[in-house]
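In this document, chain identifiers A, B, C, D and E correspond to the written order of the chains, with residue numbering beginning at 1 in each.
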Amino acid sequence: MKLCRVVGFATSSIKAKGLANHKLLVLKDIDDTGNATGEAFLAVDTIGAGLSEVVAVTTGVPACHVLSDPQAPVDAAVIAILDSVSINKKEIHNQLKEA
Amino acid sequence: MKLCRVVGFATSSIKAKGLANHKLLVLKDIDDTGNATGEAFLAVDTIGAGLSEVVAVTTGVPACHVLSDPQAPVDAAVIAILDSVSINKKEIHNQLKEA
Amino acid sequence: MKLCRVVGFATSSIKAKGLANHKLLVLKDIDDTGNATGEAFLAVDTIGAGLSEVVAVTTGVPACHVLSDPQAPVDAAVIAILDSVSINKKEIHNQLKEA
Amino acid sequence: MKLCRVVGFATSSIKAKGLANHKLLVLKDIDDTGNATGEAFLAVDTIGAGLSEVVAVTTGVPACHVLSDPQAPVDAAVIAILDSVSINKKEIHNQLKEA
Amino acid sequence: MKLCRVVGFATSSIKAKGLANHKLLVLKDIDDTGNATGEAFLAVDTIGAGLSEVVAVTTGVPACHVLSDPQAPVDAAVIAILDSVSINKKEIHNQLKEA
């Protein structure tokens, strides 16, 4: 799963049927200090993640496992809001929340 | 899902059966300011996206979920035309449409 | 789908059963001017693509959809020979064929 | 499979149902000398890998094959703790454990 | 499929059940001159590839198609030992074997 930070939101009126009722989050991967980095991408959210939170994102077919309609055309889903993340014994999550 | 801009079109006479009746869009990912970036790739379009629009693209097996023939050899599909996209509280979609 | 140019061929005597009868093309992605770029990779060809042609390549499980044996261990297949490809209103395919 | 080193852990209270009871490891790919490199990511652990160990990580749908619930929204799983890894006839695993 | 060179081996005592009886090869992609390049990764071998041989590697779910147990947690498999590989009309395989 990708280690990501929520950096924004997207809305759409014209979309495939399976996307109705799904909130689209804009996310970026985080680096070792917890900063958002690289290209933004989209994932559906079924657990209520908010702006700037650090989350786990599952990609590919397993992302469909959290949807009420597993045939929705979705390849990325937020599956966890992370309470803590340590990299090389440094806690990066809370440190970043304060930033 | 990838955040992309439609940058062109492709046509083909000699193709696999499952591709008949599918429009092929040429797309690129967008950066934080909404500019197309990186390598172009192809996706099928089932919702009528036009040149320069910002769209969501699903990749892999879930892309087949929007096709009438789920056994078509397709690994990318446009699933939404995006009305708005915010990254770090800056709205990038409309800004880019004017560009 | 990836936008690729056929840059060569590969042959193999010792291979998995499902690969028998499949021609292996060597391909590279193309850049905006149609030049082959990046690392070469392999795909099976079921439509008769020739050296230097610009083609569409499907990856992952959907590549198996064009095979007579969908259980073949194949993760990339040429699914279309492209007649034309436009990127930012410039036609790149024919231009490149003359090169 | 990816060649990775365990660099940390992550915890989550708010998460998709299928994730309950799964330990989340933070991992990085290793370079030829066995140092962790690149962006950190998450995988579930079903075999008891510890901090700084070199492991094999399977990604995508096959990662679900090691789970008691194959419908869990998981796209990466540690599938082996590696006793030895040689690259170009140099043993990198033990050398790195001493580092 | 990836064009790779076998650069080493890995062994494991503690591993997922589905991995028993599978030899783990360490591989790298090759560049246009056939040199191993980039990050090393692991694949199972069912055809007897040896050190320094140029091979084709299938990734993702199709890699499971060559396994006796298709539910093994495997995302990469060597599916062919390549006799010849040409890129831009230069034969790279044998040239590299002499190197």
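We adopt the following convention: a residue touches a chain if its C-beta (ideal position, glycine included) is under 8 Å from a C-beta of that chain, and two chains touch if they have at least 3 such contacts.
All values derive from a computational prediction rather than experimental measurement.
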Turning angle required so that subunit C lies on subunit D, C-alpha fit (0 to 180°, nearest 5): 145
Length of the line joining the C-alpha centres of subunit D and subunit E, rounded to whole Å: 20
Mean-CA-position distance for subunit D and subunit B (Å): 32
Touching two or more other chains - residue numbers and ranges from subunit A: 60-61, 63
Category of the chain touch graph - line, ring, star, complete, other: ring
Circular arrangement of chains, read from subunit A onward through subunit D: A, D, E, C, B
Residues of subunit E that touch subunit C when the two form their complex: 1-3, 29-32, 37-38, 46-48, 56, 58-63, 65-66, 77, 79-89
Subunit B residues within the subunit C interface of the complex: 7-16, 18-19, 24, 26, 36, 39-43, 60-61, 63-64, 71-76
